[in-house]
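The same subunit A turns up in both complexes below, where it pairs with subunit B and then with subunit C.
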Partner chain A sequence: MSVRSHVAALAAVSAALIALALGYHNPFILDLVFTGLIFAVLGQSWNWISGYAGQISFGHALFFGCGAYAAALFAVHHGSPWLALVGGAVVAAVLAVLVGFPCFALRGHYFSIATIAVAAIAEITASNADVLGKANGFEMPILAPSLAALQFTDKGQYVLVALGLFVIAQLATVGLERSRLGYYLRAIRQNQEAAASVGIDARLAKLVTYAGCGALAALAGALYAQQTLYVGPEDTLGLPISISIALVGVVGGLSTVWGPALGAFVYVVLARYGGAMLGGSGRGLDLVLYGALILLIVSLQPDGLAGFARFVRRRGTAASS
Partner chain B sequence: MVRGLSKRFGSLRALDGLDLDVPPGRLTALIGPNGAGKTTAFACISGALRPSTGSVRFENHEISGTPYHRVARLGIARTYQIVQTFGEMSVLDAVIVGALLRHRRVADARAFALKTIEALGLGPKRDALCRSLTIADKKRLEVARALATEPRLLLLDEVMAGLTPAEGAAAVELLRAIIATGVAILMVEHVMEVVMPLAEHVVVLAAGKPIFAGDPRAAVNDPVVIEAYLGRP
Partner chain C sequence: MAVDFGPLPQLIVSGILTGLLFALISVGLTLIFGVMDVVNFAHGEFLMLAMYATFGAGLIGLNPILALPVVALLMFLVGAIVYRVLIRRLLAGPPSAVVFGTFGLLVFLQGAAQFLFTSDYRSVPNPPFQGTLHLGSINLGEAQIVAGLGALVLTAFVFAFVEYTEPGRALRALSEDRVAAQLMGIDVQRMNAFAFGLGIACAGAAGALLMLTYQAYPRVGTEFALTAFVVVALGGFGSVQGALVGAVLVGLVEVLGGFYISPALKMIPVYVLYLLVVLVRPQGLLGRR
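== the complex of A and B ==
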């Protein structure tokens, strides 16, 4: 897709969601849309390092949690939530560099395993540290609703803020695809040896990308915390969160601009309706469904939904010509 | 440029005391029978392997021990014996990746990559995926990607292997054109015939040791070289 068609698609999606947020006051649906947008951003963050750069991360909750905890800490200590967004993003980027520096020396599955371990360490640390609220986490104070406080009475306004972040993430990805770094990441994913032979410093490229991933996921985490007003270790740093983020990326399609958004849409619908129908009686049955879905997609359509759409389009043009 | 280069793997001396000079605008060939140490020498010179002793110098920079990705920045580019392409990228994108080394902006890199692709006769295939190319075209693509980094020294690891005679002849023409631009080429080859029309200087390796250095026409008549290839009569 050209830059123009990406922007056009983004404008269309935004217009539809703005209309929904302002005109439709069903809290169930708006909550679904908000969660979908947050996961679309998380999936996009995951897509940068795991899709474009090919380094599969199962520890992305680390950055999500970093943002969420930043929001909680600033709220509890009467700081501005906007500062929390910036602070969380900066801390997550620094964390990404610290984690990435040793971990990017590992290749393939070993990197994935290391990311699980680091996120688990973070979860245990948060569960035991007094400053991070231990296992109970934080209940954030309810403030007078305003944009400055990033708290609203209407769910639609949360959707608008999340939409803003989503638009930023999408535009950043379109830019990444066309940038020097984007070319480098794809080359590294295809063949790291050959990439080095034309002068690409693979570790540096991955570190820069990972820092960006961390910052973006932290912004999503902070917004999420502003809406739920509760932050706990399991809900923000737990392995299921990391798996969900990876699921969104895989279902939608790796290394595509729109894959994470498609994946997030499928994920929230499954999580809400599937969770409501299946999760109650035999808890965890919805998780079986995710597992089956990942298996199906990886074996039948490794390029995900976006890849499937491309496949259909190509067949269409082949048939008509 | 290469002085006293040796590489041991345990007790095996894969390479023992290689001296080599590669002047600009010339093609120098490193040849020898199977297991002579050509690939080891190549890996040491390109920076992929660290030699046990000896030095590899390029324009006053010591190559051995330099991180691999920095070797390219110094002006050395290479191709691989077993082709290493960016499989799922298009031919144009793969060459753009090479061109980005000297062109900061993607648009500039793209323009330079297009020129390089045309010069190497890959123009009609610029949108094809790298993995869909024939072996001959993949080798051509590797040369294009390497040239896109604007090297002053080009290292070719058995580029002729697996090519049909017609493809080989085309490749010889291509290499002539590259030499004419003033680039120094060091070529590692198994088969002596292919370097005959191109090389001005050959070094023959056998069992890790250099056994001949000089004119290629003299090499084919040298009794020690003939013995290394064919055995004692």
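== the complex of A and C ==
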């Protein structure tokens, strides 16, 4: 897709969601849309490092939790939530560099397992540290609704804020695809030795990307916390959250601009009708469907749902020409 | 701060027994990796299925020890079928297909368990070996001893099988050089299915033994699978002896860390150990370059 068609698609999606947020007051649907947007952003963050750069992370909750905890800490200490967004993003980016610097020496499954281990260490630490509220986490104080407090009475306004973040993530991805860094990442994914032999600093490229991933996921985590007003270790740092984020990325399709959004849409719809939402433990039917979907996609069409769309389009153009 | 060394013998024995169970789980994981280069992210979920199967056997009056051969055989078949239906396809795709495929299997099996059995904790009714053994200052539950020693016997059995039998030699040949093994007339697909079945059967047997002291719930596998990844990284991916040594080490770290640091933090040293080993000595403690 060209830049113009990406922007047109983004404008159309945004217009539809703005209309929905302003005109449709069903809190349940708006909640679903909000969660979907948050997951689209998380999936996109995951897609940068695991899709474009090919470093599969199963510990992305680390950054989501980082943002959520920043929001909670600023809220209970009467700081501005906007500062929490910035603070959470910066801390997550620094954390990403600290984790990435040693771990990007690891290849394949060694890296994936390391991401699980690091996120698990963070979860255990948060569950046991007084400053992080231990296992109970934080109940955030309810403030007078305003944009400055980033708390609203109307769910539609949360949707608008999340939409803003989603638009940023999508535009950043379109930019990434066309940037020097984007080409480096794809070269590294294809063959790191070959990429290094033409002078690409693989570790630096991955570190920069990972820092961006961390910041983006932290922003999503902070917004999510502003809406739920509760932050606990299991709900923000737990392995199930990391798994959900990876699910969204894989199902939608790796290394595509719209894959994560598609994956997030399927995720919230299945979660809605399968019972469980983020952190909840429903009946598990959504997981069964999701798992089955991944198995089907991976064994039949490794490019994800977006790959199916491309496949169909290619068939279409082949038939018409 | 004074460190109390009084309970040390008790902790060491307990750590070793725990580690032996980790060994049996990890041997399955390392075997599958060695033969076909597959890191089975769903390994813990097969363990979880075996635990539920053992629980089911308990409901009809079969104790975990009697259920073990049946569960292990059943899991062998499940593993061989999963290989035929899924893993074989994944191996034909890009390297990431295997990671995502076994990851999808993890999600699917965990969801299915939650859907079918709910997230309640299940333990075998009237479990055997309820006594406690006193050896000087060491007190051990009989069930823990039986589980640990049972795992040791089975791990030794798998080791002997891989080392001294004809199919075992074929498995080792495959893990050393797939193409050469194929040229020597080894049927790769058949041996892969066999190895996957055997690896899952190890997890199955471990699941049956675990039910002597543990409870089954849908997410029980993740916890053990993570430990098994650490063990296998320590021992070197693909090495059976390495898995045994790594498992005992991890068992000791977990039990000693749980006592001397805090039970809530006991997994942190284990994960740190993983990071240290893969970063400093990626071939594992016993692995070759």
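The working rule: the second predicted complex is superposed on the first by the 310 of 321 C-alpha atoms of A that agree within 3 Å, B and C clash if a C-alpha of one lies under 4 Å from a C-alpha of the other, contacts with A are read in each partner's own complex, and residues count from 1 in each chain.
In this text, a contact is a pair of C-beta atoms (placed from the backbone, for glycine too) under 8 Å apart; a residue touches a chain by one contact, two chains touch by 3 or more.
Here the structure is a predicted model, which is why all the values come from computation and not from measurement.
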When subunit B and subunit C are modelled together on subunit A, clash or fit: fit
Touching partner for A:127 - first (subunit B), second (subunit C), both, neither: second
Dominant toucher of subunit A (residue count), subunit B or subunit C: C
Where the C-alpha centre of subunit A sits as vertex, the angle toward subunit B and subunit C in the overlay (nearest 10 degrees): 80
First, second, both or neither for A:78, with subunit B first and subunit C second: neither
Subunit B versus subunit C as contact partner of A:294, first or second or both or neither: second
Which of subunit B and subunit C A:4 touches, first, second, both or neither: neither
Touched partner set for A:246, first subunit B, second subunit C, both or neither: second
Partner chain in contact with A:191 - subunit B first, subunit C second, else both or neither: first
Touching partner for A:202 - first (subunit B), second (subunit C), both, neither: first
Smallest separation of CA atoms, subunit C relative to subunit B, angstrom: 11
Those residues of subunit A which subunit B touches in one complex and subunit C touches in the other: none
Of subunit A, residues touching subunit B in the complex: 178-180, 183-184, 186-187, 190-191, 193-202
Partner subunit C, residues of subunit A touching it in the complex: 54, 56, 58, 102-103, 105-106, 108-110, 112-114, 116-118, 120-121, 124-125, 127-128, 239-240, 243, 246-247, 250, 254, 281, 283-295, 297-299, 302
Subunit A contact footprint on subunit B (complex, rising order): 46, 67-70, 72-73, 77-78, 80, 84-89, 93-94, 96-98, 100-101, 104-106, 109, 130, 145-146, 148-149
Contacting residues of subunit C [partner subunit A, same complex]: 39, 86, 89-90, 93-97, 99-101, 103-115, 118-119, 218-219, 222, 226, 229-230, 233, 262, 264-265, 267-268, 271-272, 274-275, 278-279, 282
